[in-house]
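Take a look at the following structure, please.
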Amino acid sequence: MNILAIIGAFVTLAGSIFLLLGSVGLLRMPDCYNRIQAGTKASTLGTILSFAGILLIMPGWWGKLLILIISVILTNPVSSHVLARASYHKRVPLTKATLVDKYQEEEEYIAVKDQHKEDQNNDQT
Amino acid sequence: MEQIGLSHIAITTGILLILTGLWGILTQKNIIKMIIGFSLFDTGIHIVMVGVGYVEGKTAPILDEAVQLKEAARQIVDPLPQAMVLTAIVIGIGITALMLAYALRLYQKNKTLDIQKFNDLKW
Amino acid sequence: MIIKIIAIIIGLAILLMALIAVYNKKLIVAIVAAGVVSLFASVMYLLLSAPDVAMTEAAIGSGLSTIIFFYVVNKIRKNRKDHA
Amino acid sequence: MQAKNVFVSFLIGLIFWTLLNNTFDPLILSVGAGLSLLLSLIFCARCDVFSELKLTPVALLYTGIYLVVFLYELIKSNLDVARRVITPSLPINPGIVEVKTRLQSKMGRMILANSITLTPGTLTIDISGDTLYIHWIDVKTEDTQEATEKIVRKFEKYLEKIYG
Amino acid sequence: MLKKIFTAAVIVAFAIILLKGYGFSGPDQQLNEVAERYAEKGPEEVGAANLVTAVIVTYRGLDTLGEVTILFLTASIIGFFLKTRREDLTAPPQVRKTSEILSTASRIISPIIFLFGAYVFINGHLTPGGGFQGGAIVASGLVLMLLANPLKTVNHKIISVVESISGISFVLLGVLGLVLAAGFLDNAFIGPGRFGSLISAGAIPIIYIFIGLKVGSELSGIVSNLQETQKEEI
Amino acid sequence: MVETILTTSMGIMLVSIILSIIRFVKGPCYTDRVIAFDVMTISSLAIIAGVAYLSGRVIYLDVAMVYGILSFLGVLVVARYMEKGL
């Protein structure tokens, strides 16, 4: 039982605590955008730390764990950005506590305007 | 906790999932919801099959440095149900896609997804 | 021991998600819930030491079938808009 | 410019393949080299993703520095979000602000936006031209200039060295 | 109400049948005869480290042939059903543009996904995975490209050419096994190689590459047929 | 020692999955459900890595790689559907 394995175990524990905090934030935050912030950030770091801990425990597995870390770093912010953009365009309301909203009506898209109400009715297929 | 094996848990989950999917198929009126019920049914059957092939405390049927070649028969689980389920999953997505294509075509023709409105074959 | 606890919780989660998939009125929620069922089923296969099946379920059940469902629902939505 | 694109994507593919196989066996490496050359010829011959990348030693050095800065900011951001989450009164005052960037290349902007998404309390909502719209969990200032100083500058000065 | 009761009765009957079949006896504590035979003789007869692969490609190769045929039929029926008419291009498609971040990221990630799919089906006899999983991953890479650029059209000719070439090669390899070795899809006509290395297990890697290309092109055909947004026949 | 700590951390990951399931059930809008789905996927990745260590098989990580590379496609397709981009 070497010292590296014990350090790795504690790193994994820290990662799982970050995952837990991320999902607590997912429960407590008031609106969608804040939930995206809490959810993706904390879970990204939590997963990276878990993989790093197992990398310290089993150094022979470094290749695949490194690929996992890189893919999580590369894909997770992209998906959260696309999700935030989509929910803004669907006009999911911001929370009451919001101070400023500089990003209003930048509609230079091909999409047809003002169909979101009809769309919300239509979603109940 | 000792006498409950992993395969008991899996098979119970699978059977309940089969029943849920069947309930969904029989009670829902929307075609897409029925297809979702079918895919749940499919998943349930797969879980039951893999659970039947599991042997307590043994590892995956892939021989590398973790499993000795001579001791293989005493260390691995049954590979046959896994192969069957692998085939079944791939066929399952084909069937699901085919059903969805039919549903889309039916919608384009009849302008509804409600199964009770399709009375072309009634007399 | 921990593996059995994980299996029990994953099994309960599968059943809950299946109920949501059957009973939720909104189609999108039902489809996403079916995707979650596939995700947890794949973890279950891994616990049952069937990595091949887990990989297939991850790639096909949780990925491609959700995508196909969404493409079809999207086409239905477009059709409805044309005829509204 | 095309040769550089193909070369960089070929290199990325080869590194990915080596990590995946975790071995330096010449047979496996040659299979990987053939595959990644084929894929980069098919997919990256016409795209312009890597054409602004500088392949000088200085750029490599700045890449290393950038990684260190990024990891530090990532951990700081998580501690920040964690502190906000577990405080009972939930101290947030969110808002959407507008910032400008000087970066020209697409790749640089993507890395910048991803870094912003992963760092303290900020989330890129949209990007159009040189303007980024950012959801900020704790709005300190509403002015574009100051927000740019606070959010973008710390990454941009390294990314400018790498992507020009 | 009566209908619900009837449905519940059906469900209960089905549950009773299932529970009778399982009988709560629990699984065996050791392998049955067939599995033991596969585990003991499989490594020398077939040479594949992944016994699931050995079962799929060699011991039950005909099942795989039938499965690939079913997928092919499904893909062609979907293509026939959702056939599009070319002249309906008058109305401009109403699609929101992709953000620049997604389109840049997809340019980097989709070649990596294709390379990963190739890894999965080349190493099918050593690690978990194989033709089916690799094909699904390749199709997912195509889906990523379509998501990043929704107006892109997939060339169906390339897909069908790849599909038919790999299908024919798969059957030809099976016949080659019939001629040169013991039976249809026997993989022993190429030397077994060193156990556990990339060149081993006879013809299994070649067969899996063809299966992977075939499944990948079929799934891509299904997805692109269901995706094509602008050319609707109404 | 190491296994005890790893078991504890896997229990904590399970708790995080349960919390995101609660958000999935409650979630008022689609975005909440999708982000809960994302968090569930990522926690499952960490759990798979832990199971791979406890079983001592490196090959289980291949499954985690399929997830890590493909999991964001599901989120992407829902988001593009929501903003009418499919």
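Just so it is clear, A, B, C, D, E and F label the chains in written order, and each chain counts residues from 1 on its own.
Just so it is clear, contacts are C-beta pairs under 8 Å (C-beta built on N, C-alpha and C of every residue); 3 or more make two chains touch, one makes a residue touch a chain.
No experiment lies behind these values; they were computed from the predicted model shown.
Trainee: Any idea which two chains share the most contacting C-beta pairs?
Mentor: A-F
Trainee: Would you identify the chain whose Cα-based centre sits farthest away from the centre of chain D?
Mentor: B
Trainee: So how far apart, in whole Å, are chain B and chain D when each is placed at the average of its C-alpha atoms?
Mentor: That gives a centre separation of 40 Å.
Trainee: With chain centres defined as C-alpha means, what is the inter-centre distance between chain A and chain B in Å?
Mentor: Centres of chain A and chain B (C-alpha means) sit 30 Å apart.
Trainee: So how far apart, in whole Å, are chain A and chain D when each is placed at the average of its C-alpha atoms?
Mentor: It comes to 16 Å between the two C-alpha centres.
Trainee: If you average the CA atoms of chain D and of chain E, how many Å lie between those two points?
Mentor: 34
Trainee: Spell out, as numbers or ranges, the residues of chain E touching 2 or more other chains.
Mentor: Those would be 50, 52, 94-97, 99, 101-102, 105, 108-109, 112, 116, 120, 127-129, 132-133, 136-137, 140, 143, 219, 222, 226-227, 229, 234.
Trainee: Can you list the residues of chain A that touch 2 or more other chains?
Mentor: 22, 24, 36, 40, 44, 64, 67, 74-76, 78, 80-82, 85, 89, 111, 115, 119, 125, in rising order.
Trainee: Quick one: which residues in chain F touch 2 or more of the other chains?
Mentor: 10, 17, 30, 34, 55, 57-60, 62-63, 65-66, 69-71, 73, 76-78, 80, 83-86
Trainee: Can you name the residues of chain B that touch chain E in the complex?
Mentor: Residue positions touching the partner: 5, 7-8, 11, 15, 18-19, 22-23, 26-27, 51-52, 54-56, 60-64, 69, 72-74, 76-80, 82-83, 86-87, 89-91, 93-95, 97-98, 100-102, 104-105, 108.
Trainee: Where on chain A does chain E make contact in their complex?
Mentor: Listed in rising order, the residues are 74-75, 78, 81-82, 85, 89, 109-112.
Trainee: Within their complex, state which residues of chain E touch chain D.
Mentor: 99-101, 104-105, 107-108, 110-112, 114-116, 118-119, 122-123, 198-199
Trainee: Going by the contact rule set out above, which residues of chain B touch chain F in the complex?
Mentor: 59-60, 62, 64, 66
Trainee: Within their complex, state which residues of chain D touch chain E.
Mentor: Where chain D meets chain E, its residues are 9, 12-13, 16-17, 20-21, 25, 27-28, 31, 35-36, 39-40, 43-44, 47, 49, 106-107, 109-110, 113-114, 124, 126-127.
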